[in-house]
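These notes concern the structure reproduced below.
A, B, C and D are the chain letters, set down in written order, and residue numbers restart from 1 in every chain.
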Amino acid sequence: MIIKLKNGVKKEKIEELIKEIEDMGLKVSTAVGENTTILGLLGDTSKVSKDDMKSKEVVDDVIRIQEPYKKANRKFHPEDTIIRLNNGTQIGGGTFVYMAGPCSVESEEQIVSIAKKIKESGATILRGGAFKPRTSPYSFQGYGPKAIDYLVSAKKETGLALVSEIMEINQLKYFDDIDILQVGARNMQNFDLLKELGKTDKPILLKRGLSATYEELLMAAEYIMSNGNTKVILCERGIRTFETATRNTLDVTAVPFLHEKTHLPVIIDPSHAAGIARYVRDLSLSAVAVGADGLMIEVHENPAKAFSDGAQCIIPDEFDMLLKATKQIHELRKSL
Amino acid sequence: MIIKLKNGVKKEKIEELIKEIEDMGLKVSTAVGENTTILGLLGDTSKVSKDDMKSKEVVDDVIRIQEPYKKANRKFHPEDTIIRLNNGTQIGGGTFVYMAGPCSVESEEQIVSIAKKIKESGATILRGGAFKPRTSPYSFQGYGPKAIDYLVSAKKETGLALVSEIMEINQLKYFDDIDILQVGARNMQNFDLLKELGKTDKPILLKRGLSATYEELLMAAEYIMSNGNTKVILCERGIRTFETATRNTLDVTAVPFLHEKTHLPVIIDPSHAAGIARYVRDLSLSAVAVGADGLMIEVHENPAKAFSDGAQCIIPDEFDMLLKATKQIHELRKSL
Amino acid sequence: MIIKLKNGVKKEKIEELIKEIEDMGLKVSTAVGENTTILGLLGDTSKVSKDDMKSKEVVDDVIRIQEPYKKANRKFHPEDTIIRLNNGTQIGGGTFVYMAGPCSVESEEQIVSIAKKIKESGATILRGGAFKPRTSPYSFQGYGPKAIDYLVSAKKETGLALVSEIMEINQLKYFDDIDILQVGARNMQNFDLLKELGKTDKPILLKRGLSATYEELLMAAEYIMSNGNTKVILCERGIRTFETATRNTLDVTAVPFLHEKTHLPVIIDPSHAAGIARYVRDLSLSAVAVGADGLMIEVHENPAKAFSDGAQCIIPDEFDMLLKATKQIHELRKSL
Amino acid sequence: MIIKLKNGVKKEKIEELIKEIEDMGLKVSTAVGENTTILGLLGDTSKVSKDDMKSKEVVDDVIRIQEPYKKANRKFHPEDTIIRLNNGTQIGGGTFVYMAGPCSVESEEQIVSIAKKIKESGATILRGGAFKPRTSPYSFQGYGPKAIDYLVSAKKETGLALVSEIMEINQLKYFDDIDILQVGARNMQNFDLLKELGKTDKPILLKRGLSATYEELLMAAEYIMSNGNTKVILCERGIRTFETATRNTLDVTAVPFLHEKTHLPVIIDPSHAAGIARYVRDLSLSAVAVGADGLMIEVHENPAKAFSDGAQCIIPDEFDMLLKATKQIHELRKSL
């Protein structure tokens, strides 16, 4: 951490600050320029708050050099984290995983039928929303526990693993048979939820918030991991920018950046990114080419009748082609 | 709601769609141009999902004309909502309210002392964080229930009303003596929390999310209001933009815009907006001049020792001057 | 174009407005709802200004349905535009083109040497900056006409086509032997420059502005095209978002979106997007997979000594591997 | 400037880099931590390019501590710059200035008539567009030199000073009688234009680009100033954010921030910021309260018939009230 002092600060004040920092167990290196004095803090500064430092009377600016995350940091854990599910699916470490299914679980029939189709195409994880975060209170809010039951039926019939969103910690009791708990973009900094999920031993699919920086995403993962659960999968799903022709802007650079900084797997959700079904295929190709560890795709047998997000759903035949195409790119990429 | 159809769509398909829409109780007006056919949906479209419409096979684009919020809409409730607290404070309807206090409650002594000072200056509501949403799991997370007790002591000593943040619905039991429950920016779309708060009869201070549009903020208010609680206070606290020289960018236009669209009071938090104490005064002047219904200001007796957000705290003397200055602008504005 | 009228507007006023619109040669369809009256404008509305309509007394809001660009619009020109250079290079229409070279031309030796290397790898267009737009007036501003001479030498030696940036119309006289004139991101809405370039018959590489929407990019192309020059190549090079860990955010969705809306070729510049050399390869793979028509890559033999933008330059060996890898993805994509 | 080195870098490589930096006339202070080595560069680093440093092999990251602007920097020029026009108007240094007039000059009659009205209200500078930057090539592009003549007539009749936009350096010959040359937001980084304007002795009104950071705005001013012309007026006119309910988002924090960093005057254009006439008054109040040095307001006698931007124009009566109201706030602010 670098601390830039204000101009014309008294020597005693600087010494006071240095002492305070040394009392935290850090070493301080001082560099005095013509117009600026800077302090370099050496040691583990991950627990030093940048904002707190900034509030000191003699401090002009504070720049963090060291990443504030530790558990999620590849520097301290160089090997890829690999998450293994009961049905044999492996996430991270060079494999490529497919999660697919409807936005909302609409009926037992629907979810079982779609599960069979995506399985046939080669997906190993079924997605389906039971508790739905909707912008409007007047939109369909999900079937809740009943929808979880339907998902479990689909799992029994197909052997697919399950991923579904948890919005509130009191819902945890319904998720016993769900293999991966999803935290939605709007809940990425719902810290109480993150802490509680950190106490479970379920893999957590953590979606990047609409305007969350890479560092904030990693700090959200750190909330889960520092509470004991290291099985976190990161998901880039489009960020909010000035461009409104698509719902969000898919940020593919997140993949190489996160792979460099963290050992956690990173998947991409192109369905929410674009919000437009006809772009999902191209964005999926882009995602696998850039090095993602998997895809999460919304698939529905009749998008026009979907209870939610129909505009971004592709149909099973399209998913089948998408899977085959991305698989080939994945193979090619591995060989490069 | 306007629906733009794709080019070259078959007549039967259009008639099918029109029938489907009419079955929802809406009327449809059709306009056929050379290259484009558009349908105008007439009636209450607030419950029609834009995304769902977009997923129909023949639909190219959907534009919402009517606001999707009803309870929060000034069109259906032209008079200002006025919220009255037990200590006589009135929020909305032309008055100007001051909420002030430290970011975090740090001790009983601290909060009682600061409460006395801000009261002397003229504030009527004391703010103080008991449950703290922090980006890092390694930062101070707030003293929780104990901090609430300290706040209540300060209330007893001073008669100030209290506002404090609730992060999770299970914390509600601690908030009996808190007059206003605050929902933080990162929880603005924590829909389960909003729904539960909608079942209480406490005033809710709803902070705008870092990248929430005005409409999303109003839809979050609608979540609370449609569950029965109409006492919502909106708070602009800076949005996330490309500019990083300040923590966030204060969006003063939110005030006239929201006042036009909704009857709910709108206050401004300049402390979080800038993140820099020395800009708080100018931004406060700006906030009152633009027509806000109040200010929420972080005040601390020794910012350099604050447990959180010290960099944006002003000291009691500065608050005293700020209050006097903004009061004069408020009086002047009323007279214009 | 859809016009939403204000509530409670007098009938005569509406009729006045309708007459005014009909006088422009358009037809008007009226739909009257309970709370809202909307007018649908039918005909060629590309010359009707949305802002002008919005300023009418009785108008509440205006929504454009038709795209405001005509020459660039695929609707009126369904076939891909293909741009053919003198050295046989073809841009658009299914081929994949490589433009490579240093940010700045630094010497004749340098540019000839790098030209040979990228040619050997398979690139057909050499890039090199003669006039440099730099954020700081104290940074190297390019060697100007002399640099153009060096580029021409490299062209003579290698047969590569040339692309270089023009910043000001008075520089046009130096660009006789440059095959493609580049308009930089910061000049995308330098309308006088666009108009003048529209009067030349050189292919124009138009870079998307840092915060330009797709529509604004297409309108900038329209400025060139409506002045007579239809040889425009669009270039996505990263947009400005809240994320500052990389210099810009590469927006790959621009490719399928623009391909749908326009017949112009779309290439990607991953070097400027990330600003970090080690991400260039992954982003290039992503660009070809998403369907771009080509890449523009900064290549330098000794990035640490580059006069500008060294941090984003890759070395010739890396470019060689990148080209081979992306070529394979391109072949695979065509076969899907 | 702080340089963070990569981990595990060889000692000789570091010494090489240090030597290279010292050869630039700078001193280097080294701090060695457990995981990180950082170099502090002391001396005038304004001419050291951050990007160039970043491209060095052993460098991981570069952080600028010193501002890269010198002429515009208050540190080296503590007193406010005051710009004096021939008609006695003073900009900067505690006065408050009004620039008003139509978006486009439409006729001699129009501009003379509006000039008289704004003068009567108390404005001292007349604005009017002769060369118009329009998003669409099909929109009205301004009357050019003829419009300048009309402005000059208005000046002769009223004694008002004139401000008008120059889009291209070849237009300079028409601007002899224009008192202030305006550089539009889209041209803020048209560096060739800035350089040429730096060689004139006319005051330059430099508008902040739609997505320009404060630092980029100051660097654009530096382009003008380093070429000899120090009479620069900065103008905040709204930035582009995710919020699209208004055309742009007015960033009032720019005022205290820029006042701290630079000695140049800072005015606000609320008309372009909101794009909506009915918010102009509130935003103007906000602008004066936050400490701006003046306002630029679009005024038109019949906004519905305006050739451009009618939606954001207010009428003379509204301007008269706005001026009186803001003047009172300005007086009050000075007394605080």
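One rule holds for everything that comes next: contacts are C-beta pairs under 8 Å (C-beta built on N, C-alpha and C of every residue); 3 or more make two chains touch, one makes a residue touch a chain.
Since we're looking at a predicted model, the values are computed, not measured.
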Chain at maximum distance from chain C, centres defined as averaged CA atoms: B
Of B-C and B-D, whichever chain pair has more C-beta contact pairs: B-D
Same or different contact residues where chain C meets its copy chain A, judged by the half mark: same
Chain A and chain B, separation of their C-alpha mean positions in angstrom: 26
Geometric centre distance via CA averages, chain D-chain B, whole Å: 31
Between chain B and chain C, centroid-to-centroid distance (C-alpha), Å: 39
Multi-partner residues of chain B (each touching 2 or more other chains): 211, 240-242, 244
Touch-based graph of the chains, sorted into line, ring, star, complete or other: complete
In the complex with chain D, residue positions of chain B that touch it: 211, 213-215, 239, 241-246, 249-253, 255-257, 260, 273-274, 278-279, 282-283, 285-291, 321, 325, 328-329, 332-333, 336
Residues on chain B engaged by chain C in the complex (per definition of touch): 2, 4, 7, 27, 29-36, 38, 40, 42-43, 61, 63, 65-66, 75, 211, 240-242, 244
Contact set on chain A toward chain B in their complex: 46-47, 49, 51-52, 54-57, 68, 133-139, 167-170, 186-187, 189-193, 195, 210-211, 216, 219, 222-223, 226-227, 240, 275, 277, 303-304, 306, 308-313
